[in-house]
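By letter and in written order, the chains are A, B, C and D; residue numbering begins at 1 in each of them.
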Amino acid sequence: MALNKEQIAQRIAKELQDGFYVNLGIGIPTLVANYIPEGVNVVLQSENGLLGMGPFPFEGDEDADLINAGKQTITTLPGSAFFDSAMSFGMIRAGKVDLTVLGAMEVSDNGDIANWKIPGKMVKGMGGAMDLVAAAKNIIVAMQHTNPKGESKLLPKCSLPLTGVKCVKKVVTDLGVFDITPDGFRCLEYAPGVTIDEIKVKTAGRLVIADDVKEMTF
Amino acid sequence: MNKVVANADEAIKGIESGMTLMLGGFGLCGIPENCIAALVRKGVNNLTCISNNAGVDDFGIGLMLQQKQVKKMISSYVGENAEFERQLLSGELEVELIPQGTLATRCMASGYGMPAVYLLAGVGTEVAEGKEVRNFNGKDYLLEYAFDSDFAIVKAWKGDAQGNLVFKDTARNFNPMMAMAGKITIAEVEELVPVGELHPNEIHTPGIYVHRIFQGTDYEKRIEQRTTRKKN
Amino acid sequence: MALNKEQIAQRIAKELQDGFYVNLGIGIPTLVANYIPEGVNVVLQSENGLLGMGPFPFEGDEDADLINAGKQTITTLPGSAFFDSAMSFGMIRAGKVDLTVLGAMEVSDNGDIANWKIPGKMVKGMGGAMDLVAAAKNIIVAMQHTNPKGESKLLPKCSLPLTGVKCVKKVVTDLGVFDITPDGFRCLEYAPGVTIDEIKVKTAGRLVIADDVKEMTF
Amino acid sequence: MNKVVANADEAIKGIESGMTLMLGGFGLCGIPENCIAALVRKGVNNLTCISNNAGVDDFGIGLMLQQKQVKKMISSYVGENAEFERQLLSGELEVELIPQGTLATRCMASGYGMPAVYLLAGVGTEVAEGKEVRNFNGKDYLLEYAFDSDFAIVKAWKGDAQGNLVFKDTARNFNPMMAMAGKITIAEVEELVPVGELHPNEIHTPGIYVHRIFQGTDYEKRIEQRTTRKKN
């Protein structure tokens, strides 16, 4: 069975290490916060200007002045710090954020990512995505392996306008976990019940299967 | 040194059609609600607005879009706004999309007297088209120019007559950099406090950057994505 | 009679306008603060990171954490703000400081200034002087008209290593007040009892006497 | 996330001879007294020190100069120090003098991930020798490269176990920029407070920039120029 969104988030959460500063993008990445392993302390960065993002507020406690990069009402935690957006992107650019997790429309086998623009459709803008992918030192993409038409989103070359080049380090999809290597996507794990053959069929980019490839565990 | 003006209408004196304005805020958080309302009343148009977002249909810069006061938006993200989309597709409105960190840093560069900076965002993408690329230590960077503006309009939590400002939580966002980057900077505040009440260690924007300040009224502070959890 | 240091400072104080942000250098410029005209409110900037510098503290109230750019103990005033040195020089560079007053060893008739280095002597450094002269929008130099050997410090060309080029707008010396113009030093005022002839003799750079030149008043 | 170490000796672990260090402070104000003492005890040498000043003969970086631990100083002003002068004139010590604002901004550039910036200071002077000059809007600027360092050592007023820092008065000076520019940043604080005690709006340096923190002891906080006025 392919993973659902929660499971993708859960699998990515296993990549978190104690002491990490982490930026989680909108969508599946946001869900990662719900699966942070016991004993692993991470600090969540929100690029509008907060370190130490806490959970959503209790009903009635929402504060219009306290939102995350997805414009959702949030809370702080002890040790949180606010700052302006220039410092926020400064710390991203300077490599102080250990891990960025974000969604994508397409990823190529050399680590290019496209996630901001579809020609012919209204373009809403890249927000902070281009800054994040250009500068973050470790980028994991969380996405479905194929688009609604069933076409692979893991490509030899992105067809959509790029958000960033050669920046993605790892991709976690509903079918498996893939490192970006000089040889292309390297399959490290497959989802329970998913076959390597299915992954091969649904991956358009160069794909190698790790010798020690294994079924994902939770 | 008293920079206090009576209200938003007085604060925006001198803003004329065709000017370039910076407007602080991220989404609807920390936006200068009073000055936007005054700009709508004044009816200036053909404005170039530098602002991370363009509001929603009936709030924020969306109110200026309804009145067709904006010629060009310079932003990082302009979703959530049907009228914006209509004007853009019909060619009435021009939009320049800029990565969010680049936008923030180009404002900051102006406030720091730096004419241009080298930034990573957008290298190898269509954002890089026409821009100078330069390699430092094995990495490519884009030369990005400082932004300035005829007027910068920011919203703060507290301020004093000397123009010192303190922001609240994530309502800080773009406001400090834009305050530094206006030829004339207008600050609207929720609380105008007596000079000396803000502790000098806690001031985010020193008064030197602010030319006019007033106490705003009737803040709606609309929430764009109300997300909560239930008490158990 | 040539002016003494206090009088030079007093004359410069007349250049202050209500609402000015002012940076006063070490030496004579510091004394300007004692002569700010009634009804003129200025805010003093200290480039280590303070706007709103107040007077020296009362004995016993000194605080090692509160000093000016000359490393002297000082005080704050209501409305003062602290910031880091990067923002401090940023506001200077961005032209937010209306007036800078500083001392000099030499000034040339095109506005070059030398005040940081004497070849053959131990070089202590330029501190913030190069930043200030390169970026301040209005620079007044306060200095003696001649050096201890009696040689003019108002020159056709500086002989010492430069601190900044074509940046000085006005010079106030013990002998008079001079604007820097395309024609060189333009004498606007002479000190009480000082003759135009003395000024001519002691000014090595190009000198023009304003048609409406007048005796300085206090 | 607990970044607290026991003391200065533990904090400076990993600092080795030949490394480049940044040391916060302006004059003797806001300098990391405890770490300087520990560096003297440790006896590392051949250090390159980036610090606005070099202390006085018997305090601050002057204590490291006495032990001949410094190979090169990168500073804006190095007066007030006879031993410094002796070593410089004898050729034992190298010095690179940099305009103060340029020094501050080159540290900041590193913390903001900008490899180089264009600055005005020094154009047309010997500081410009060998540097790239570029004209923007009719004005010449120098290309100045970001500074980084193996270790940055800063002194703050208050801090917490997550590394969040608050500075006091003009003891802030170079400390925030240097904190951003260290590969490893050490902060010594006068008061280590419980996490959550510093208000998130009032933090000057967010903890992400700080790797080790400890509560310093026995601060002398020497005053360089004691100036006072008399009560009348």
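Everything below uses one rule, namely that a contact is a pair of C-beta atoms (placed from the backbone, for glycine too) under 8 Å apart; a residue touches a chain by one contact, two chains touch by 3 or more.
Given the structure is predicted, the values throughout are model-derived calculations rather than measurements.
Hey, which chain ends up farthest from subunit B, C-alpha centres compared?
Taking each chain's C-alpha mean as its centre, the farthest from subunit B is C.
Taking each chain's centre as the mean of its CA atoms, how far is subunit A from subunit B in angstrom?
Each chain reduced to its C-alpha mean, subunit A and subunit B end up 28 Å apart.
Between subunit A and subunit C, what distance separates the C-alpha centroids? Give it in angstrom.
Each chain reduced to its C-alpha mean, subunit A and subunit C end up 56 Å apart.
Round to the nearest whole Å and give the separation of the Cα centres of subunit A and subunit D.
About 36 Å, centre to centre.
Can you pull out the residues of subunit D that are in contact with at least two other chains?
105, 112-114, 119-120, 167-169, 172, 200-201, in rising order.
Residues of subunit A that touch two or more other chains: which are they?
50, 76, 82-83, 86, 90, 92-93, 135
Building nodes from the protein chains and edges from chain pairs that touch, which of line, ring, star, complete or other describes the result?
It is other, because the touches fit no line, ring, star or complete pattern.
If we use the touch criterion from the header, which chain pairs count as touching?
Per the contact definition above, the touching pairs are A-B, A-D, B-C, B-D, C-D.
Show which residues of subunit A lie in contact with subunit B when the two form their complex.
Subunit A residues touching subunit B: 46-50, 55-68, 70-74, 76, 82-86, 88-90, 92-93, 112, 122-131, 134-135, 161-166.
Which residues of subunit B touch subunit D once you look at their complex with the stated criterion?
Touch list, subunit B to subunit D: 105, 112-120, 136-137, 139, 141, 145, 166-169, 172, 200-202.
Looking at the complex, which residues from subunit C come into contact with subunit B?
Touching subunit B from subunit C are residues 19, 21, 41, 43, 45, 50-52, 76, 78-83, 86-87, 90-97, 135.
Over in the complex, which subunit D residues touch subunit A? Could you list them?
Listed in rising order, the residues of subunit D that touch subunit A are 1, 110-114, 160-162, 164, 180, 195-196, 198, 200-201, 203, 206-209.
What residues on subunit B touch subunit A, complex-wise?
Going through subunit B, the ones touching subunit A are 26-30, 52, 75-79, 85, 88-89, 97, 99-102, 104-105, 107-108, 119-127, 157, 167-177, 204, 221-231.
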